[in-house]
Every structure is written in C-alpha cells, then in structure tokens.
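Okay, handing you the structure first.
Labels A, B, C and D are assigned to the chains in the order they are written; within every chain, residues are numbered from 1.
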Amino acid sequence: MRKVAIVGGSGYIGAELAGLLVNHPGIAIADIASHTHAGSMVADIHPALSAFTDLRYCKSIPENSEAELVFVATEYGSSMEQVPGFLARGMKVIDMSGDYRFTDAELYQKWYGIQHKDPDNLKSRVYGIPELFRARIPGARLVANPGCYPTGSILALAPLLRAGLIDPSDIIIDAKSGTSGAGIQPSAFTHHARCAQNIEPYKIGTHRHMPEIASVLGEASGREVDVTFVPHLTPMVRGIELTIYTRLARPAEPREIVDAYSQCYAGSRFVRLVQSIPTVPAVAGSNFCDIGFAFSGKDRLVVVAAIDNLVKGGAGQAVQNANLMFGLDEAAGLWFPGMGV
Amino acid sequence: MRKVAIVGGSGYIGAELAGLLVNHPGIAIADIASHTHAGSMVADIHPALSAFTDLRYCKSIPENSEAELVFVATEYGSSMEQVPGFLARGMKVIDMSGDYRFTDAELYQKWYGIQHKDPDNLKSRVYGIPELFRARIPGARLVANPGCYPTGSILALAPLLRAGLIDPSDIIIDAKSGTSGAGIQPSAFTHHARCAQNIEPYKIGTHRHMPEIASVLGEASGREVDVTFVPHLTPMVRGIELTIYTRLARPAEPREIVDAYSQCYAGSRFVRLVQSIPTVPAVAGSNFCDIGFAFSGKDRLVVVAAIDNLVKGGAGQAVQNANLMFGLDEAAGLWFPGMGV
Amino acid sequence: MRKVAIVGGSGYIGAELAGLLVNHPGIAIADIASHTHAGSMVADIHPALSAFTDLRYCKSIPENSEAELVFVATEYGSSMEQVPGFLARGMKVIDMSGDYRFTDAELYQKWYGIQHKDPDNLKSRVYGIPELFRARIPGARLVANPGCYPTGSILALAPLLRAGLIDPSDIIIDAKSGTSGAGIQPSAFTHHARCAQNIEPYKIGTHRHMPEIASVLGEASGREVDVTFVPHLTPMVRGIELTIYTRLARPAEPREIVDAYSQCYAGSRFVRLVQSIPTVPAVAGSNFCDIGFAFSGKDRLVVVAAIDNLVKGGAGQAVQNANLMFGLDEAAGLWFPGMGV
Amino acid sequence: MRKVAIVGGSGYIGAELAGLLVNHPGIAIADIASHTHAGSMVADIHPALSAFTDLRYCKSIPENSEAELVFVATEYGSSMEQVPGFLARGMKVIDMSGDYRFTDAELYQKWYGIQHKDPDNLKSRVYGIPELFRARIPGARLVANPGCYPTGSILALAPLLRAGLIDPSDIIIDAKSGTSGAGIQPSAFTHHARCAQNIEPYKIGTHRHMPEIASVLGEASGREVDVTFVPHLTPMVRGIELTIYTRLARPAEPREIVDAYSQCYAGSRFVRLVQSIPTVPAVAGSNFCDIGFAFSGKDRLVVVAAIDNLVKGGAGQAVQNANLMFGLDEAAGLWFPGMGV
C-alpha cells in the first residue's frame, strides 16, 4: 500500500478524499490534518466514515510521516505556503486549492488578489486532467487539481477546439452547481432558507474559474480562447450541470462531433459521450463526466456536461491523478457507478 | 363586481387564478369549469382556498353564465375550439394556452404540429404583456396571455432592442424553471426522485417558447431577432430565473442600460430594475418581474430576470390584463410583495 | 392608520412583519430598527419589499416615535431588557422572543438558562393565541407571541383536552419544521449541503417549546399536561407539519372529535378543520392553521396540523394580536389564501 | 462467479440491484427482465450504469438461464405468481415484494386485500434481516426481503424488546421517507410541485408495513408487540429517518441501552450504534443502519434510526442475503461508506 497524507481533511473535499481512500486497494492514509478538528476522530466529524477508519485529525503532517504524497485541500493562499515544504521533504503533492492552476504568477495575482509566494513551482506543475494531460502526470512532482467548474467545461470543450469545430471566441458557459461546491463553511449564500428555492447567478464575469478555463483550453487546443462564464448556485447538494453555448466554425454533421470526442477520449474510461442529455443523477457519487450535445438554430452547438463536483470535480480526480503518479491503474478505487437517483 | 369565468380551473394556473380572484376588490368568479373535477368543491381539490369560496367545478360554462370575460386555461388545441364560441356569446377572452400567441397560423402549425382552427382571430388578438402593449389591451376582445418563459425574456430584452443597445442576432436565453411550470399532471419528467437533485435542460432549440419570444421581440422592437433558448427543469417549485447573454451593439455605460429600462417601464409598477442580482424568492408569490444586469468581457451584457411563473408568468398577468380590459386599476388585487423566503 | 414600530426588523420574522404591514389597511410602520443593518434601506436588505416601502432601518426606536405599539422581534434575553422601557413610554408591546411566554420566572430560568430580568410583567402578560385567549387580548399591554411549534401544537390539542377526550399524560408531538424557523443567521445546522437531503431530529426532550406547550395547554384546559416533543429540521423553507400522537381517554366517535374543534373554534376564521390530511402547501404564506385527525389501533388518535411558521407561527399571529389590541377586525391585512403550490 | 437473475429490473430497486452487482466480486447478473423496457439496453434506461454493463432487458427469465438465484423485484401480487416457478426450477429466490413477508396467509389477505396464491411457501420462507435471522439464511430457498420501513424499525427495536427494556404495547414509529421509496412510477403523490416543500403523513394506521413490523418484532422478541406507525413522504430522494417513541419498562441507564444493542449486533458490521443523532446523509448510498437514542421526560426512550431505503432498505440487504445464501462474505460488494453529503 502506498501511503498518503491529507491536509485540510475535514472539509467536504477532504472528507470525500478520505471516503475514497479508506476503501482504495492500493493507497492508504497515513495522516490527515485539520486545524479545526485536530484531536477529533475523523469518524466523529464525518459519521459516514464510521467503521472505516480509526484515524484522528492531527494539527499538521508530522515530520516522520510515512506519506509519499500529500493532498493539500486547504484554502488558496494557505496552500502555496505549505507546498514547497512538502516538495522539499521529497513528497509528491496534489494541490486542491487554486494556487497552482495558473502557470503565470501575474495572472494569479490579478484574479486571486494576492501575490504568488511560490512562482518557481508554477512553471513545472502539471494540470491534473488525466484525459487531456495523461502523459505528464506519472512524472509530475506537483499536480494542480482542477477546479470543479473547469473540469467539466474543459472536458466538454477541448475536443471541439482541437478539431477546429467551434469558434474559440464565442463560448458561453452557463454553469449550475450544487451547494457542496461552496464548501463546508456556513454562509448567508448557502443558508438553506435562501438557496433551497432559488437558482442564483453569482460573480458574473468575475469568477476565478473563468480564466482557468480559458487558459487551460488555450493550452489544450493551441488557440486563444475567450469564455463567458456565469456560475449559479442551485438547490442540488452534489453535482454540476453545464450548458455550454458554442458557435460552429463551419457546418458540421453530428458524426463529426461524436468523432471529435471519441478520438480525444479513446482510452479515457471516465468520460462518457451520451446520446440523451447528461444529468447529475447519472454521475452523482461517481468519477464520470457525461457529455452530450444538440444543435440549435443555424449554427449553434449546445454542449451539455455533468459531473459530481466532489468526485470528478475534486477528490475523485485527485485520486485518479494519484493513481497515475503511483503507477497504479488509473481507475483503482474509482470504478463504481453513480447514484442514479 | 365584474363577473368572470374560468375554464380549466383545476390545474395550477386555474387554481392560481381562483386564488387571486377570491380576494379581488373588483372581480368575482361566476363559474369555474374543470373536466376532471366537475362536481367537486374547488376548495376540496385545492385546500388552500378553503374558507374563501363555496364554488363547485362545473363541466362547462353554462349558457346563462353572468360572466363577461372568460379565462381559458386549457391545453393548447382545445382552447381554439372554445374561444370562438365565447367571443360569439359576446364574452371577452383571455387565453392562457399557446393557441393565440402567434399571429401567423403557419408558424403555429410549424411549432405546435397541428393546424390552427381559428386563424381569423389570430390577427386581431392582443399579446398580453401590459408593460409593452398597454394601449391595446383595454379595447381587446381576445388577449393571448404570454407563456411563462416569454414573459420574463421579453420584458428583459425589449427595452435593449428598442434602444439599439444589443445585437438582435446574438441572444442566448438560459432559462431555469420551477416544476410547477410543467403543470399539475404527473409525469416521469416531474417525478420528485428524478428532478429533486437535478437541473435538466430539455427541448434544446425546439421549445415553442423560442419562436414566441423571437416573434414578439421582433414586434416590440421592429427588428428581426434571433434567439437561442434552452429551458431547464430545476428543483424549485415556483419561479423562473433567466440568465440572458447578449452582445452589445456598441460600447455602452451602465447608465445607458438603466435608462433604456427606465424609459420603457416608466409607469409600469410590476417591473423593478434592481441593483443586485434578481432572484426568485424576491418575486415568488407576486406579480413582479425583477431585472438586473452585469457586463462580462469586452462586449457581453448579461441580463438576469426573475418572475413567479404562476403569477407574472401566468395567472397574475392574466388578472392584470383583465383589470385593464375592465377599466380597473391595473394593479387591483395584485399589489402585494413576494415571499422573500 | 395606527402606527407601530418593529425592533429586530431585519430577521425573517421582522421582514415578514414588514411585508404584512406595508399592505395593511389599518396599520402603518413608523419605525423599524435593526442593529445589523441600521442605515440601510429595508428594501435593499429584503428585495421582496421593493416598491412597497422607502423605510430605512434605524438603530433603535427614536424617542419621538409615533408608534403606539412595538413588535419586539429580537433574541430572547435582549427582549426583556427593552420591553419595560417601551411599556414605560406608554407603548403596547407584542414580544416575539421567548422572554414572556412563561408566567413563572423560575421555569424561564430553568429552560432558558438565564435569570429573568422583568418578572413583574410576566404575571400580567397575555399569551397571544387569539383562538384560545381572545377576550384577554384587546386590553393587554404586553402580549407574548407564541413560539412557532407551540402555536400549531396548542391549537391542535387544546380542544381535545378541554373536552376530556384524550389522556393528558400521553401526548407525543413529532414536529417537522422548515429551515426558516431557525432564523436568518447562517449556521452549520442550516447549511444547505447538510440539510437539503436530511430530516434531522434535534434537542430531543430538551427544546424550550416543550414546556411552553405543556404549560399553556395546562392553562387552557385546567389539567396537568405531559408532552413528549421532538422537533425535526426538514428541507422545507416555510412551514411546520405536526404529527401528534394521543391516546383517547374513552372510546369516541369521529363526530365527537369534530364537535370538540367546532365548539372551540366557532368564530375563529384562521383555524380550519379539514377532512383530508393537512399539509404545508395549503397554508404556506397564509395565517391559517389546518387541523385533521385519524384513528389508529384500538385507542390512538393521531392529530395532524399544519401552519406557516413565519405567519401563523410568527408575524401573522402578531398582526392578528395587534388588530385585536387596536380594535380592528382580527383578520385585517391577513385574509388571503396560502400558496397551494 | 455465481450467476443471478433480476425480475422487475427497471424500477428503482431493480436498478439499484444492478448497480451493486455490476461491481460485485462474486456475483454476476445472467439475466435481467423488465416488462416495460424489454429489448432496451439497461444502460439506456439507467444511464448511471453506462460503461458497466451491456445487458439488455429481457421480457422474462429464459428457460436456459444460468442463474442460480432470482431477485424478484415486481409488484406484490405478481410476485407470488412467479416465485413457485423459479423454486420449481431449482433456483433460490429473494423476493423484494411484500408477498412473502407475513407467514400467515390470512394476515396477508387482510392487509394486501387479495388472497395469497402460494401459502405453502409462506411457512418456510426466511425473513431476510441477517442481523436478526442470520443463521437461517444460508439454508433458505426463499428469502422475503424486508420492507424499507420495517428494516430500520425492526433493527432499532428488536434488541430493546429482547432485553425487556421497553413496553411492547407502547411503541410509536414516526417514519420519514425519501420519495424514491414510492418507486419509479409517477403519481400525484410524488409530483415534485406537490412534495418538494411538503412533509406529508399518509396511510395513518393503515400502512402494510405496520403489521409487518409488529409480527416480525413479535417473532424476534417472543412478545406480543403493538405498534402505531405513521409514514411521511418527505423531500429527500433517498433515505428513511425513523423517530421511535418507546416507554421504558423499568428505569434504565444509558449503558444498559448500549449493551442491549451491542450484544444483539456483535458481529453485525452494517449496524452502527452512534453517539450523535443518526442522519440520512451518513448512510445514503450505503448498506448501513445507524441507530442512536435519547431519554425524554421520566420514562420515554426516543430511538432514532437512519437507512438508505434503496440499499439497506432494499437492494443492499438483498445482496447481503444473497451473499449469505452463496456462502460469500456477508459484506461482499457492499463495504463502502455513505455519501456524507
């Protein structure tokens, strides 16, 4: 068993990581840290894990940790203060915060509002979508795990851009997220009475995932990509549904769209091209990204994608990356269907 | 008190009409018909109305009805078979189905899949959005009450098109509806276990409200308008949230956008231009349409609108039209705030 | 117009009061105070009220306020510090906190954990359920507005106890509340991701509303009443559904149960005895309490009641009390049906 | 791999069975039948299963089926027409309908309203709660898989009754179910607009699970048990939360309650006694039954239990029974934590 540690282990992403790893055939948790809950049993804070682990939260990863790899699931800003230390100790790192998602420190500063403290590692980090950057991940020391919205958006758009099928300057992503995407910390925004009968757009044109999507799509397709992105908080708990409006670069048959996805995702078991409309229930609790599409009007191509934000959009994809970094089967511990209902 | 009748009075729109009218200061229900529940007390079928009415559902509006005006809240297809008869009896009609929303019988046939049986009345019908067509309504014999999606979409877009601020060929409406919009009839689509943790796009590029929006916007603005429209079923019960993506026709200041709305809706009490993002809870249960906007990127203008689909998007707007047809205050029986939470 | 003030006007109860009063035919808001939002427009904090009020929140009710009556909608503990001052200024008070719901200061201290600071007024306060204590309310200077759970529980049980139909020592109340009952302040308990797919019992046997129910039922029936009470947080926003398990004191016909309610609530327009099962949608947004019942087994009588916790369980009942205190029609500003859906 | 068949494979229970079995280490699906969807790919009807199975629904289990065991997940009434045939073919059967849950054909007729067609097999069937009847299951030819409500109710109560801690004549079960418990067939009862903001008690004192609970508890404890049972439909999709009101037979310490559970469930990995209040999110998607308790008043013991109705309350427990019947590890294919959120 390969040993790993989790920092920020009491939030939703940390708990989801723990839930995946307590049953993983090739990876075990050596240490799990939480500032808030240091000293508590993991299973007392997250009772779904009762009977699966006797671990207690530690305050920080001990010096003598057996972990070879650390999942850093803290807030942005805090993450880049810790990552260099883990790397210096010879550990591999999968960073779940936003700190390593841009390669450009200035772009980071523009969108996160603080100066980057570890610009050196920005250049060498690998962006952790295995379906697009699989070859780079096994050798990576530092993987930037993608944001939840970017995961589905990039998977839905990259094949079309690579194939030159859509106009890279006319892309609109209308994203609908479950509230678990906002994290475990209560706020007015996620107060049940406010959001249970509400679909609320927020950060219109200002969300940090917008430049993340644009820059990674640019990297993946070799084109300059412009994206309009509006996220919405919805009364789902888990899941992201993406309705993406593109304009065809030239007339295209459905077959060509299918081919673009099939070529790009041959051998990628966690992307499913579906004939019906992808929905969250089909992927909830699983590591799949379902993608479908429909034409509208004379030249609009509407692409729909669905993921579980905590799994493929978070902890599941991180485990998928860890599997590759450890030389394990990419799907180890992740091969199970979604909830359905 | 002016007397009215309701046909199709046991569905959600019919019940909402009844709920508004039992308390209306100037209008009273003379007869209310329902095929399904003929003979039953209205309050037994819709217990929210207990203590407000002793009416029973009749099978059809009696010949000697005292009603001067009929709300026809049946399915499309059935409506156009009944409307000519009511008009022939000298009654005014507000049609809640889709049968009279197009002026062009061929367009109707294309989108509704059946031949129109009352093409003569299509030409003279008035489209019932008072905020845009107020002058025509008092004299109308037949008002086509707008669809729920079109109401918010048209109110949000018409002022911008009239002012020439946005490109009429580049409009995308991403619409999120509560499930009451699908009516009272159970179906797989509205089965709770399927839709409670789900945001499901449907009828992409094929929904009948798309050409309704485009044609009315064309009528309202004198321009040819092209609209991409994708509705979504969401876990709200009431309400529609619209996120509308437009492209500015020329650089514009926020002030100009505000002015376009203010000029168009001066004297229209049920449209509120809000500085924050409009949300469903602020309008739920009320006849308001809240509108807000934000810029994104170099030339995108994102407009957000919220209505209660059963009130401003249905029964409330119908009462507003009836008020005008009766020469009453437009807001009579409708002037109350939304639920808030 | 009679003038009133609201203290604690930015919470859910305060906003609901404001929403009812901006449209009230006989009562107007003179001043509305909020520590959190002093200086802000009420309509900016609660956009459902836009177009209905230009009031701004003040920090505290001014010395020269025109208000004759104050609704105190603050936290318990804070309320009893303010109420004596308002009374001393000659104002009437309707207290929405728990501070005046017990007549016994020791009982208060036992359940609220703090010493009562205004024991003198406890004796003379009137408990504000008009259906049971209507005669006392017009002359009251201080009305204790009931808790949300007690309102429905007491209305459902008092007639049966008065009639001697049920065993006062064997009563179990299983209560299901919407999350608005927990107030506007975010917490882990009301975090959407936690409570949206969850029905969570809390404070089993320790909730303050349990002794409130028991003591008022004792007062209303002249019997010593023992109640087991378990509240549940549920994914509704508004509403309380009560399933109450009683044991018949003697064999009884359905007619006798109906008679007990009919006699007790003759002339009480806001209590409706229904033949079907009462549900929250039928009362949501309204001031009604719907009550129904069914027999089970050899001697169990199951009583079901539904209210809107913010209206009949809060602001609506307070306005009902204010109407009586002002000599207005008890239903003034409150006579409208629930949402239905 | 042991081969099984599923009859009624397109409903929620059938799909959940399929989802568990496509990943099971020791059991494979040979045939899966559905009247409604015969000929369709399973994964087209239940897209969560895409990539996991290429099976098509057959109309009925073929004569040459390789299955050794059949899960019969059809409606009651239909099941008892098929079960004798499967048994005659030498197959083992796990019946998911209500047809074999009573041992007494007259009791069946009283509660299901139809005559039992296979009374012979009623006597020898084993009731499939492994935690209480584990020894009987490996040798059983016919296992009656318990109802969803009975599973949690019986697990929560049997140990207390066996230990003589509670009064068997004073038990009230207030049950709250997610809507998936009502099955995949749409109805007015499960229409989203009706049930999304609603907690609706139904079949008060008349639900078939009430005598099932009472009779099995009687069998498990050797006492005559009387149960008042009121189920509620709630806006959860998955899960049952049970609040059970009992009266202590004698004064008892918490330790004695804990001991009763510990002794009864030693070696039962799927029952977890928790110190906090059990909730649905902790068990959703898993085969666990979480149980907790609190004292109230002088002699009330309130027991709370939570399960996933489709897993421990349905398909999961059926697989657990199949594992035992095949001599596999009881937890094979079932050992994974719940969703948490």
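To be clear about the criterion, a residue touches a chain if its C-beta (ideal position, glycine included) is under 8 Å from a C-beta of that chain, and two chains touch if they have at least 3 such contacts.
Values in this document were obtained by computation on a predicted structure and should not be read as measured data.
Of the two interfaces, B-D and B-C, the higher number of touching C-beta pairs belongs to B-C. Taking the CA centroid of subunit B as reference, the farthest chain centroid is that of D. With each centre defined as the average position of its C-alpha atoms, the distance from subunit B to subunit C rounds to 36 Å.
Subunit C and subunit D have Cα centroids separated by 40 Å.
In this assembly, the C-alpha centroid of subunit B lies 46 Å from the C-alpha centroid of subunit D. Of all residues in subunit B, those touching 2 or more other chains are 12, 178, 180, 193, 197, 235, 237-238, 279, 281, 341, listed in ascending order. Partner subunit B is touched in their complex by these residues of subunit A: 172, 174, 176, 178, 193-194, 197-202, 204-205, 226, 228-230, 232, 234-239, 241, 243, 245, 277, 279-281, 284, 294-297, 300, 302, 304, 341. On subunit B, the positions that touch subunit C within their shared complex are 12, 15-16, 19, 22-23, 44, 46-52, 180, 197, 237-238, 269, 272, 274-276, 278-279, 281-283, 285-286, 288, 290, 310, 335-341. The residues of subunit D lying in touch with subunit B in their complex are 12, 178-180, 182, 184, 186-188, 190-193, 195-197, 235, 237.
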